[in-house]
Amino acid sequence: MAARTLTIDGKQVSADESATILEAATDAGINIPTLCHLDGVYDVGACRICLVEVAGVAKLLPACTTRVSEGMEVKTDSERLRKYRRMTLELLFAERNHVCAVCVANGHCELQALAYTLGMDHVRYEYCFPRWEVDNTHPLFGMDHNRCILCARCVRVCWHIEGAGTKNVSGRGARSQIISDLNQPWGTSDTCTKCGKCVMACPTGALFDKGATVSEMERDRTKLEFIVTAREKKQWIA
Amino acid sequence: MTATLLSKKQNRLPRILEHASGDKRFKILEAHMKKHQFKHDALIEVLHKAQELFGFLEDDLLLFIAYKLKLPASRVYGVATFYHFFTLKPKGRHTCVVCMGTACYVKGADKVLAAIEEHAGIKAGETTPDNQVSLLTARCIGACGIAPAVVYDGTVTPRQTPETALEQLKGWTGHGH
Amino acid sequence: MDRLKVATVWLGGCSGCHMSFLDLDEFLLELADKIDLVYSPVVDTKEYPENVDVCLVEGAVCNEDNLELLRRIRARTQVLVAFGDCAVTANVPAIRNQLGLRNDESVLQRAYVEGAQSNPGVPRHPGIVPPLLPRVLPVHEAVHVDYFLPGCPPPADRIKAVLTQVLAGAEPRLEGPQLKFG
Amino acid sequence: MDIDDLNEIAQKERAARKRYTLRCCMAAGCISSNSKGVKEALEKAVKDAGLEDQVEVRGVGCMKLCCQGPLVQIDAQGEGATIEISADGQGPLYQKVTPEDAASLVATLKGGKTTVQRGDPAHPFFTKQLSIVLANSGYVDPERIESYIAADGYQALHDVLREMTPKEVIETVVNSGLRGRGGAGYPTGLKWGTVAKTASPQKYVICNADEGDPGAFMDRSVLESDPHSVLEGMAIAAYAVGASQGFIYVRAEYPLAISRLQTAIRQAKQYGLLGSGVFESPFNFNIDLRIGAGAFVCGEETALMASVEGKRGTPRPRPPFPAESGLYNSPTLINNVETFANIAPIIRKGAAWFAGIGTEKSKGTKVFALAGKITNTGLIEVPMGTPLRTIVETMGGGAPDGGRIKAVQTGGPSGGCIPADALDTPVDYESLSKLGSIMGSGGMIVMDETTRMVDVARFFMEFCMDESCGKCIPCRAGTVQMHHLLNKILARQATIRDLQKLEELCDMVRNTSLCGLGQTAPNPVLSTLRFFRKEYLDLLVPDTYGPRQNGKAGAPPAAAPGR
């Protein structure tokens, strides 16, 4: 384990060589907004919200998958970054039907919270208004594809924490969809263990406990980190 | 409602395996998987073979592949739907693939496609209700030198016009309806 | 300085935002000293006047009347504020957009025929019942909007914060807990 | 197999040459015009004329002038040929040959006459070409390894294994100045060096034959015409970087290329030119084919590797680069077809020879697929730095039917449209990127005055939207919105504010997308906006309901718009 020294937003930071920019920043108390990242689950760098500027690199880099290096100069906030982050959010809001007023996750939604943080007071792009299904066939949980942002957190926890592989992404592009098994009603899945980790992982109101109504759906994300730490490090930190 | 759905939840595998045992195509498919040592990374090759044998990838077939390769069904389905080449629905007796590559496009492939769509009464990606013709588009078949090209039942045909395309289609349907 | 001419309008929405406006309570009295409310559901004016300084628009743009009025408002108003989630995002009224093409017809059938307890039939009186737009729009997709005040409904203190800034000629900023959907 | 065996095969093959060779194009373009029928008819005609001992009918790869196919050319050796041979040794070239023409063509070998349309091998379309990659194309029989060996095939691999260290091979490639022919133009030698340096017990070499640009068929032609040159290049690369396993990732849309590759790999294995102990050295190298399944994004190297692993072809962020951690997390070298096809000639003729061709920063030649509104469509290979005008006007013959060239599109959906007044631009990596386009893999689509540029931009955007893998938001949702805005513009419903929105999105998608597909998706819009902005502006409608002049409440109201 070798340490690396870098600066993040002008602040001197030291981090292990295996650390990502996001981890180094979080340790140093610097907040980088994220969306597809989830503590305890491996990162995919898909949502592009955590993009940061690194001196000497022309491209913007995702903080969640980019490793620190010696002498790296990172900027996590700039007018340009804020503009791009806000646009990314607007694209998401326009893509499917995120109607906060009638959402189980209203008030407990990472997408919504991010919109507030980034000052997104309206969406400049035309709403697509697709018609996606709501899958209510599972005895315990529901899935509203209209609220899905395809971050694939549920897929990752289902594969890598629970190990069941029930969830995956089907199709591609804007027609991508989270599926259970062979794209069958969730309630008919042969592999779902009903563990509920996907529901815990979901940042929006797409996956929810049955019976939750508007604004009721809170999640306990620390559970996931707890399981992973217990499994990998044999440390049970409740 | 949940109860009725859950009552449907049952292991489909035994039925599929039983059905497969009586179908030679499954044997050929399994031999192909064996050739690849049932490795996970052979999934796409196996799907190619399955589609070649069965014409399209229906759920039972995907489940059979998942079982034999020891992969989650969701992974097999995710891969099968990612790639354009795989189709989960049966195709018509004839297939007509209009190349919509740039060269074909600037030379009027859009007009050829429009003419076929109007004649057959279907959109690209669909099959006529009588199951005679499936109409598809391709993202460049690399026949740009002879644009616009259309592939009729696997035969690349050069320099198509709405008229030549309709002639071909009418030949398939037997009469010009 | 002259008293500012302020208007509020109610397009396709539930009037909840206007209820919230009324919740301004004693601030309404303060307002009354500074502004003339020239057009509003709570004022009996038939025609949207010229030279309005500020207009709060509640609701989504659902039918041809909404659109016509909104365009007139834009032409005659200096500062247009999208007032509440329906105006900002099209919100609940826009759920019919998900039904795709011809959704206008299918919602009318559902409301006036399938759901009718008596006299089923879609009302279509030219000049009286405005035709629905094929697609419900948030206000800014129809005309330019100067400021956005989301919320379902926006609570009175937020309305107050925005109004105070706008009336002072400043650019209102909704920050932190002031910015909220739903 | 050793060098003597190789030479023996070559000599035997050369000695077996008959007096006349009828080369008949059997690439996909000509096959679709029934060149198979032509070849069979020619064989029959030769038999009927009793000329079997004098005439060979050889199916060859692409003969380049695709628009005039099927093409047949007659070569003669020795004195006293009855057919006319030009000063440079070229025999007559026949175009649009049908099976019915076969008898009269064969009759010319006995002094007869034919009315079959003659092509002109002295036309600039042919004479301005300089063939390195396509040197064998149209000459060797792609289905017989002996034919390739007779054209000095596998000599370079032998020399590399026997006489050069891996380091020397890489140095040669570095010195040649070869840059990746897949689009971005990364220096090939540098890439090889990185893979070679990364310590790992297992390394891979991948040939990217997922030629996805709509309007490009160079790689297909190379694979169909000269598959062994690619295998040889890959084997040399594997030796240089220390890999023992290779993959060729080829599109399912190219069945002929796939079957010829399968044949070529089988033959090379039989001769001990692939497999274990190549040329009886300790070097082992296997090549497996991977058939793509229709996903443009798999041309992106990390997506391609995911696909080779049998997964959904979604890209992942780089770093780590494939050279350090690629296929199955091992160091992986990925080059495209044309890059590999350049390797054996570089080894055979030397880095200096290669570096002497082209421009200062872009060495060697480039193959282009010339298509669209142009008289001579087909395949060309020209030295880097050749002006676009030479390509499209002198060689391509300009727009057909008296039309005027308006723009040339290069780089496919990742590239841009170069306007006619920039036709004097030399074709090299830097010049094209200065014009907002890219070299790309070599598709060159000519557009004439009837082409609407906004429509072209929408065409490419629709392509990118359909091909987006959906993993990252800017590409997945941004292309949808850009496509929507272009539709709105074309429907004459957009205002200047919509155009601004489009430009802002272009900038955002380019800078924030995860992989090359998204990062370059805005290019066709940006380049048409740059050179054909007026076409966009002409489609806009007045912003009647736009912002008021000052937008402040306290200030005096602006005059109401006159409505």
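A, B, C and D are the chain letters, set down in written order, and residue numbers restart from 1 in every chain.
To be clear about the criterion, a contact is a pair of C-beta atoms (placed from the backbone, for glycine too) under 8 Å apart; a residue touches a chain by one contact, two chains touch by 3 or more.
What you see is a predicted model; the values in this text were computed from it and never measured.
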Max contacts between which two chains?
B-D
Please work out the Cα centroid separation of chain B and chain D, and write it as a whole number of Å.
27
Where the centres are mean C-alpha positions, what is the separation of chain B from chain C, in Å?
50
What is the distance in Å between the mean C-alpha positions of chain A and chain B?
34
Centroid spacing, where centroids are CA-atom means, of chain A and chain D in whole angstrom
39
Residues of chain A whose C-beta touches two or more other chains:
124, 126, 169, 171-172
Which residues of chain D are in contact with two or more other chains?
295, 312, 466-467, 469
Of all the residues in chain B, which ones touch at least 2 other chains?
75, 78, 82
Hey, which chains are touching each other here?
A-B, A-C, A-D, B-D, C-D
Using the touch definition from the top, list the residues of chain D that touch chain B in their complex.
28-29, 31-33, 66-67, 69, 211-217, 220, 251-254, 290-296, 307-314, 369-373, 377-379, 409, 412, 443, 445, 447, 451, 456, 459-460, 463, 466-467, 469
Can you list the chain A residues touching chain C in their complex?
93, 97, 99-103, 106-107, 112, 115-116, 119, 121-124, 126-127, 129-131, 146, 215
Spell out the part of chain B that touches chain D in their complex, as residue ranges.
39-45, 47-48, 75, 78-79, 82-86, 100-103, 105-107, 138-147, 149, 155-158
Chain B-touching residues of chain A, taken from the complex the two chains share
137-139, 159, 164-172, 179-183, 185, 187-191
Which stretch or stretches of chain D touch chain A in the complex?
295, 312, 316-317, 319, 465-474, 476-481, 484, 501, 504-505, 508, 511-514
